[in-house]
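Each chain gets a letter, A, B, C and D, in the order it is written, and its residues are counted from 1.
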Amino acid sequence: MLEITPLHYSLLSAALFMIGVIGVLVRRNVIIIFMSIELILNAVNINLIALSDQLQDLAGQVFVVFVIAVAAAEAAVGLGIIIAFYRNKETVNIDEIQIMRW
Amino acid sequence: MAEAIVFWTLAVLILGLGIMVISARSAVHSVLFLVVNFLLVAVLYVMLNAEFVAVIQVLVYAGGIVVLYLFVVMLVSLKKAPERYADPRRVAWTGTLLAGAVLLEVVAIVVASSGGGEPAATEGALGAADTPFAECGAGPLVSCNTEQLGWVLYTSYLIPFEVASMLLLVAMIGAIVLAKRHL
Amino acid sequence: MSNDSSLLSLILFTPLVGALVLLFVPKRQEDAIRWIANVFVFIGFLVSLPLWFRYDSANPEFQFVERLPWIPSIGAEYFLGVDGFSVLLILLTTLMGVIAVLSSWTAITMRVKEYYIFLLTLQTGMLGAFVSLDFLLFFLFWEVMLVPMYFLIGIWGSDNRLYSAIKFFLFTLVGSVVMLLGILAVYFYNYSVTGVYTFDVTQFHQLDIPFDMQWWIFLAFFLGFAVKVPMFPFHTWLPDAHTDAPTAGSVILAAVLLKMGTYGFIRFSLPILPEATIAFVPLVAGLSIIGIVYGALVAMAQRDWKRLVAYSSVSHMGMVMLGMFALTPVGITGSIVQQLNHGISTGALFLIVGIVYERRHTRLISEYGGLSKIMPVYAAVFLIMTMSSIGLPTLNGFIGEILILQGVFVVQKTWAFFAASGIVLGAAYMLWLYQRTMFGTVTNPKNENLPDLSMREFVTFAPLLLLAVWIGLYPKPFLDRLETSVDKVMMRVDSDYTPRFAAVMDVDAPAGAAGSPAAIAANGAARAGGLDETPAEAVAVTRVVAVNDDPGGPGMIEMPVRGGGRRIAAGN
Amino acid sequence: MESIWLIPLLPGIGAAINGLVGIRFFGKRLAGVLASFMMGWALWLSFWAFVELLGTEERFHQVTVASWIPPIPLDTVDGVGSFTVDWSFTLDPLSAMMALIVTGIGFLIHIYSIGYIEHEPRGGVARFFCYLNLFCFFMLTLVLGSNFLVMFVGWEGVGLCSYLLIGYWYHKQSASDAGKKAFIVNRIGDWGFVLGVFLVFFTFGTLDFRAVAEAASQMPVETAAVGFGVISAICLLLFIGATGKSAQIPLYVWLPDAMEGPTPVSALIHAATMVTAGVYMVCRNAVLFTHAPMVMEIVAVIGVLTALVAATIGLVQTDIKRVLAYSTVSQLGYMFLATGVGAFGAAAFHLMTHAFFKALLFLGSGAVIHGMNEEQDMRRMGGLRQYMPITALTMAIGAVAIAGIPPLSGFFSKDEILFRTFLHHGVFVPDRVLWGLGVVTAMLTAFYMFRLINMTFFGAYRGPAWGHGAEEPGHDDAGHGDDHGAGHGHAWHGPHEASRWMTIPLVVLAVGAFFAGFVGVPIAFEAVWPWTATIEHFLHPSFVAQGAHAVEEAHHMSLLGEFGLMGLSVLVALGGIWFAYRNYVERPEAAERLAESLAGPHRVLTNKYYVDELYDATVVRGTMGSAGGLWTVDQRVVDGAVNGTGWTTIAASWVSHILDKYVVDGLVNLTAWICGEASYVFRRAQTGLIQNYAFVTLLGVFAFVTWFLVAR
């Protein structure tokens, strides 16, 4: 309980991950859904860092760097899409973002 | 002992902030919670001897991405939050419950698999054996972490690194194209 | 000829380059387009002139040869080369191209850009057919020609242009499809003999294809070429196409496109399929004679000026075919010369129609009359061209006709007898046309102030007039250039024919050289000597005799026992 | 003598100049003078050539200018020959004489034309002289050419020129019709001619006259015993050509119509030179013809029949020029009669004298027509001798000459022909028959010529009245000038003598017509006139092969008989003249009564035996009909077949289209339809709500993890 092992980190990241997932599932606001995705990514990062520390392997950190890069890209493009969509539909309600069904 | 205290406070704070993020009414608030969340995660990284990543976390996430979110939130001026719309087709808490279930299962798996976690230091040697940077010695990755990371990035991960840069470039252009009213 | 190594390609692609350049000219600037087209086609003519001067008429081989792999997998090559026939026809093509483009300066006012692009593309297509010594390449250009012509007729034509255009296209296409079969047959036969896949025509010229196969292949080629000539039963596309085509189209059609068929016969059918050719002589000659008389008579019945000229060219082309299938040097020479003459005179006649059509927009002969009072220069040009068309001595038409008829006469008197009647009929319908349009008083008030030839229009006629007189008075340069080529063909169809250039050739040169007449001559001599008597030839002989003995007329043709060659028996 | 090729070339150059620049820029006088100058130059050259020829012993001079068709091997009867033609010209007695005639008469007629044509518009004058010069160019090529093809160049060329000159007043329908008729009829003749030429090459392997003659002289004479051989065929074909060019039966019909042309043209082309080309050609090939006696017989018969028929038609014509036209046809018949009986010298002799007096008569009639303001109908003339004495006198001389009154030229030539005919022993035709017909024709000739003279120059003036200045003389005759501008635009002051340009040639020709005969005085006159039969002796080398120096077989009979024949023909001629005088001067009404009493024959004659109608009904209608028929066939049958193929193809394509649309494509559509229907069920899953998808994903994760948990 007092000694912190990678196990704890993994549990933390899992919890955070699920929080993110819940956010994605529950919220209607697309922006917030995006933020939840960021949370999920962070959860993953935590896991990677922890394991890289335990395994004394830098690969984990490297991947984190890449994840961050991808996250940045994703945020940029995703938010761009949101702006464009909002400009046309005057809404960010995910329920109304279904023009591509069928 | 100190480490444990720090970890637990951090853990509680991170999870709490996470919940705040996904539950805040207004988007602005959740953005703010998100910033704090990221900062705390950065601290967590420092604890795990990943200074460089921690710095990146602060600079890119807290400094860049979140500001981006903030702008978007400002741009998207909603008359009423989407949550106000009654939506009979979907039940919020089914998702929550399911997520919770999954979480429990994972916890169970993790706990079971670890079985009274032995100290990480034991595997230190085998990790160090095939690490490409000999000059840092086989010791823990406390010292010259950034240097080693840079070394690895620019040698064995060079191609993915370049690809990532391309990805960012493309994303930048894409974002501009998307956000611009009319080209 | 190393210095001329790329002359033919230059000639071939200059018009195409012009077309490409035109693609980038905005279509509003019509005058610029006209200028560019004229300049390019004129350059094309200039670069073709060296052929006339540098062609070595003493050398029986193909000259200015270019040879590059094209589709190696099937042995098709980019293989160009010319001999006497193609040199003259290429020069005719480039000249007529200049004239056609120049003549449509004011005639074409809509879609000018596309018009000139099509015209230049057509030019390249025709030249390609004349220069290519690779059968597949020839076929490619042969088909390429169709498309621009189709659009020229279909877009810029008159009354029911679509009907005519489609008729023209389908008719020729049917023929060429059958021809393609023939080509493939030769191609695979050649492979079975030599084991090499090639479309090399000079190689085909040395094949000895078994007679039955020759017979079928000849039939295939015949359909392809006879449609284009056009010979009697296949001629009906011609009047329609001519009548509805724009002036330049008719000029090109008459002057060059029709020559494709005859050129095909002389280049492919005769040398590749000699025995079958001999077997088919009576059929072709018969159709030609029918064509001569028939075309002339139908021409007499026309009320439409252009249609009359079209039918007259049916008659003339019949003359050309007859001369060719006399299979005598004089006849073949005459038929080539007559092709040039037909190009010159009929082309000019279509230009002449075009000029009044541009002014009056009608082709009905009854609409005109008494024009020689209003347009004296025009009348004079028309008179000269009429005379050249009906074969007045000192003009070009005479040379061709006299050579053809003389060449035919020694083979079969009755043919010459009927063919010569075409001369009378020709005079009849042409003079009648001239009288109805040029003579008499001006009855139609619309004609009263038609402008005479403009400077540009006269310039289009000047070279034709010049050529008409030149060929009429001193055809020697033209005949000299044909000599060796004619002999090569003769040696194929007549195994014991002694070529005139035998002296020039050194016989003990390495004889199997590709297409070297020495080799062929030796081969022919051997066959004449009856050394290698293959069953195929035996078949050939029997078949030939069977086809060729005609009760009518004292037997002028007798089939020798050997080699499918033939000799003239003493008459009556 | 090496420059004889210049003789044809000079008029050619004149024609080129007049045609290219003259029509635009030259004045009337300049154009005429230029053309006449060229002719004069040519006359000068041919005169010196003639003198040189007399000077030398060698009678044949061949000048090759250039190679026309280079040698091309071609099979002939005996093995492979070589077909080659040169631009080469021959000067021999015959061609020298012809060249003199053409250039001489041509020159005079050019001079005459300057006066005759001056009422035409300026460009028209240059055009006229251009054509005239061009004609002389071709005619001289014809006579000087030393092989068949060069001759054929001239042969066709003169045809063209006569076409152009007959149709000179092209705005007249009749004129252009006549021109066309002339050309096409000539073409029919040329058809035979070219075939003959081909046969010549095929037989002898060459086209050169001399060489052909040499070869032919080696071959047997194809008498009735030998049979109708190659040479006979050649001669027959050539003669067909001659009938076309020289207006013999059956192709004579174009010549009378040719009178639509201006009178100088009729004089030059249709009297003196072109129409004699056929005779010249026969003489040129004398060796061939002498080897084909049967064809000679045909020639003689055709000749004499033509002479007779034309003469009878000439009896009743009222158009002055048409009378002369038929007289020309008849005289040509005489010439062919001569060649037919082997008297080539006599034929050439008559050709020459005829050239003189017939040109004279035509020019005279031109002067009359001119003076009568384009009046051509003799019934509207009469008594003109007081208005135009020179014309009257010269024409009278011409008439006497053609009638055959000694010592004028016509007498000698015609009598020579009759004499030789009398001696001739035919193959089929019994002796003396040809001679008899000839004599009859001689009488008819004398009659209609003097009928012409009398109706024109004697008796009372029957023409239109003329006023002074303004009012135009009213006349309504087809051949008259209202519709061709000449004689128009200036008021007509009555019949008047023509200008100097026209009278001087008349006088010169009259002198010629008077004395030309003395070069061929019959041998019978040896006693009184030492230079007998000069022209026959001169020409003789042209009629025999080079090698064969066959001495001219003497045609002799008793002097008495010969003089008797002469006397007879003179009497006959005088009889004709007297009859004409009696009917048209003493009692003009007698002619009408004669016509009424012989109404039937008269109608037939005035309608020219309905030959034109016959040809029109058969040949012309036939050709036109077949043309129209074939045109229909071409549209309906040949083209119909093509279109039929097209339609059947289209129909087939429709059928297959239906099949394709409702059967084959039907299956495809059915499949598609089933899928579509099914999709309604499945697509409900596709809400398009991202969160649904995410939820499902999570479900998947849940399932996976659960499995993982349970599995171990």
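As a working rule, a residue touches a chain if its C-beta (ideal position, glycine included) is under 8 Å from a C-beta of that chain, and two chains touch if they have at least 3 such contacts.
Computed from a prediction, not measured in an experiment: that's the story for all the values here.
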Please state whether A-D or A-B has more C-beta contact pairs across its interface.
-> A-B
Farthest from chain A by Cα centre, which chain is it? Let me know.
-> D
Whose Cα centre is nearest the centre of all Cα atoms in view?
-> C
Per the centroid of Cα atoms for each chain, what is the distance between chain A and chain C, given in Å?
-> 80
Chain A and chain D: spacing of chain centres that average the CA atoms, whole Å | 110
Quick one: chain A and chain B, Cα centre-to-centre, how many Å?
-> 7
Expressed in whole Å, how far the mean CA point of chain B lies from that of chain D is 114
When you check chain C against every other chain, which residues touch at least two of them?
-> none
Which residue numbers or ranges of chain D touch two or more of the other chains?
-> 689, 691, 695, 698
Note: chain A residues in touch with at least two other chains are 21, 25, 94-95
Which pairs of chains touch one another in this structure?
-> A-B, A-D, B-D, C-D
The answer for chain B against chain A in the complex is residues 1, 3-4, 7, 11, 14-15, 18-19, 21-22, 24, 27, 30-31, 34, 37-38, 41, 44-45, 48-50, 52-53, 56-57, 60-61, 64-65, 68-69, 72-73, 75-76, 78, 81-83, 85, 87, 90, 92, 95-96, 98-100, 102-103, 106-107, 110-111, 114, 117, 119-120, 123-124, 127-128, 131, 140-141, 145, 148-149, 152-153, 157, 160, 164, 167-168, 170-172, 174-179, 181
Note: in the complex, chain C contacts chain D through residues 167, 170-171, 233, 235-237, 294, 297-302, 328-330, 333, 370, 372-373, 376, 380, 387, 392-394, 398-399, 402-403, 405-407, 409-410, 413, 416-417, 420-421, 423-425, 427-428, 431-432, 435, 438-441, 473-476, 479-480, 483, 486, 498, 500, 567-568, 570-572
Touching chain B in the complex, chain D uses residues 689, 691-692, 695, 698-699, 701-702, 705-706, 708-709
Contact set on chain B toward chain D in their complex = 89-90, 94-95, 98-99, 101-102, 105-106, 108-109
Okay, in this complex, where on chain A does chain B touch?
-> 1-12, 14-16, 18-23, 25-29, 31-32, 34-36, 38-39, 42, 45-46, 49-50, 52-59, 61-62, 64-66, 68-77, 79-84, 86-87, 91-95
